[in-house]
Amino acid sequence: MFAPGPLAAGSAVNDALTGLADDELLIGHVLTSVAGWGPELEINIALSSMGQDEIGHARRLYALVAGADIERMVYERPAIEFRASPLARTCPVEWELLLARQFLYESAADARAAVLAHSDVGELATLVTEMQHEERYHLDFWLTWLRTTAGRSADTRDRVQRALDQMWPLAAASFLPGRAAAVEEGLGLPDGALARARDMWLSQTHAACEELGLRLRDGNPDPQLDRLEEMLGEMRSVYQTAPGRW
Amino acid sequence: MTSSAQLKETSARQVEPWQDLSDDYRAAATRMIEFHMMSEIVGPVHEFRWVPRAPSLQAKLVFAAKSQDEVGHGLMLMRVCQDLTGKSRAEYMEQILDGPPRFMNIFHYPWDEWVDPAIVAWLIDGAEIERQATLLRSSYGPYARAMRKILKEEGFHHHCGRYLIGQMMAGTREQRAAVQRGVDRWWLRTLAMFGPRDENSKHGPKLMAYGLKFAQNEALRQSWLTKFVPQIRAVGLEVPDDNLAYDGETGRWTYTEPDWQEFSSLLRGGSPVGAELQRELRQARGISAWLFSED
Amino acid sequence: MTYLRTFEVFRQKAPGDAHVHVGEVEAPDAATAMVLAKEHFARREVCCSLWVADRSDVLASQWDPEVFDAGRAKAYRRSGGLRTSSGAPS
């Protein structure tokens, strides 16, 4: 059973929540950064907002697993201890890749949150419920832009399709935490709740794409898309000059 | 056509772009607001190089929010300029990315350390508040309206800078020394930013006559000194100017003059640093340009 | 024809308030304009609802302010401007 405060390192629940926090941190890192370089000023403002939301979520999730040790989790923990999902380890800059990645990430996060909000771990359920308000907008944002981008011309739809081809194999491997049964038990969730959420996400995401003339095609994940170490290196480059004093 | 005398008379009620404005007024407003817009669009390139490297989660959030605001300011001023001149977004972006570098002097210097964006937020956004507060009355209505939102956010930026500097000043001896070196680097640039004394300013008198701007450059600089010299000293930093003195009788500061030749050459001819900002932004926008390109 | 269109944005602070014009965003369509308007105009400000309207659907009046003043100049439209025939306020 989950207890408030630092969890037993290596427990299934600890790993799962650390993974969620890592995902939100990396997604937030990319969105706040890319907000200077996106396609248009209006979009950049929204990218930064969503990135700030995600970093805020990461901070609160880290507090659940690490108590007061949040900064260490972000700025000092060895890369090998990160539990981030394959999708969150990518660092997309091009609009079509960002769009594909975020649409898949946000729709999965939405489906997962619907389950986690019913955890009998009060702190987690409260946090997830609050996160859902922000995630609702995120998903609307990306779904709206997916429609507009893919719907403009055959050329723009092809671009989005190629981006989905890159991101989908990573996303498909990203939904479930390791040792899902133990996580469900630790969080007081019904047996198989996460797998059922994944199935629903799969069918909804396939349907949403189909409606736009897009397909989610299986393929092999490209290991070169894993940019975790590079992102952590940049994130920590100032911190490392005077650890712990910022 | 509205004569300048009429305009001055009617500036109390502010004018709108669809009204019958004289070519001269339109040209003066365009020059002033385009300069401000380009500063708010090109300047953040410096900041966004540092957003991913912010050294704490709090700094990351604060600095992301600050640089995001700057993008919003660029957008609002872009909208003001577009409605004033009828140019499209694409035309303005081309002008900004490929045209002459008409933006503030501070963006023509390198921001090579984390203290640089922090000092600019603290000292220079603090200075912008002084100037922009006077622009709330600007005779060009859309500009005055944009300034309301911009001004509120600049207040946050100043505090953001104070926070980041405060964190470093509470750190190691090396961190404090780095902040001091930063203040040394930025002092004269900041004084110069207000522009030359008004008798030497080329466009100032006309802008004042049109009610587009109100405050004299030197008056703004003086009021900034009054506010910031004590602030700088209060956090344990030195003001790097041996000639700095306050005359209690005249209520004025004397100070070492910035290099005005350098200032005007930056504003007129640009710099390698400024050109690099334009190039970097052009390259970034180019990556996703297909999204909005005309068929 | 440009791909980006200008959308006027209106913000409602609290239920019961009017939607007030706050500025513009440029977007390909109304749906994208809406998701952009939210963060540009309502990330810091109090807001409970937004409208976006294509600028090309807005008609702006071309009358000088004096044309509007003329309506307000009619004393009989104001309660304080009414007098009975004996001169007493009604």
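Order of writing sets the chain letters: A, B and C. Residues in each chain are counted from 1.
Keep in mind that, in the parts below, contacts are C-beta pairs under 8 Å (C-beta built on N, C-alpha and C of every residue); 3 or more make two chains touch, one makes a residue touch a chain.
Keep in mind the model is a prediction, meaning the values are calculated, not measured.
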- Note on the structure: The chain whose C-alpha centroid lies farthest from that of subunit B is chain A
- Task: Could you compare the number of C-beta pairs in contact for B-C with that for A-C and name the larger?
- Result: A-C
- With chain centres taken as the means of their Cα atoms, state the distance from subunit A to subunit B in Å. 36
- Centroid spacing, where centroids are CA-atom means, of subunit B and subunit C in whole angstrom: 31
- Centre-to-centre distance between subunit C and subunit A (centres being mean Cα positions), rounded to whole Å: 40
- Message: Quick check on subunit A: which residues sit in contact with 2+ other chains?
- Response: 40, 42, 45, 49
- Touching two or more other chains, which residues of subunit C qualify? 4, 25-26, 28, 40
- Item | Multi-chain contact sites of subunit B, meaning residues that touch two or more partners | 72, 75, 89, 292, 295
- Complex interface listing, subunit A residues touching subunit C: 40, 42-43, 45-46, 49, 137, 140-141, 144-145, 147-148, 152
- Message: Using the touch definition from the top, list the residues of subunit B that touch subunit A in their complex.
- Response: 41, 44-45, 47-49, 51-57, 59-61, 64-65, 67-68, 71-72, 74-75, 78, 89, 114, 167-168, 170-172, 174-175, 281, 284-285, 287-292, 295
- Quick one: in the complex, what on subunit A touches subunit B? 29, 32-33, 35-42, 44-45, 48-49, 51-52, 55-56, 58-59, 70-71, 74-75, 93-95, 149, 153, 155-156, 159, 231, 234-239, 242, 245-246
- State the interface residues of subunit B toward subunit C in the complex, per the touch definition above. 13, 18, 72, 75-76, 79, 88-90, 145-146, 152-153, 292-295
- Query: Of all residues in subunit C, which touch subunit B in the complex?
  - Reply: 2-4, 23-26, 28, 40, 44, 60, 62, 65
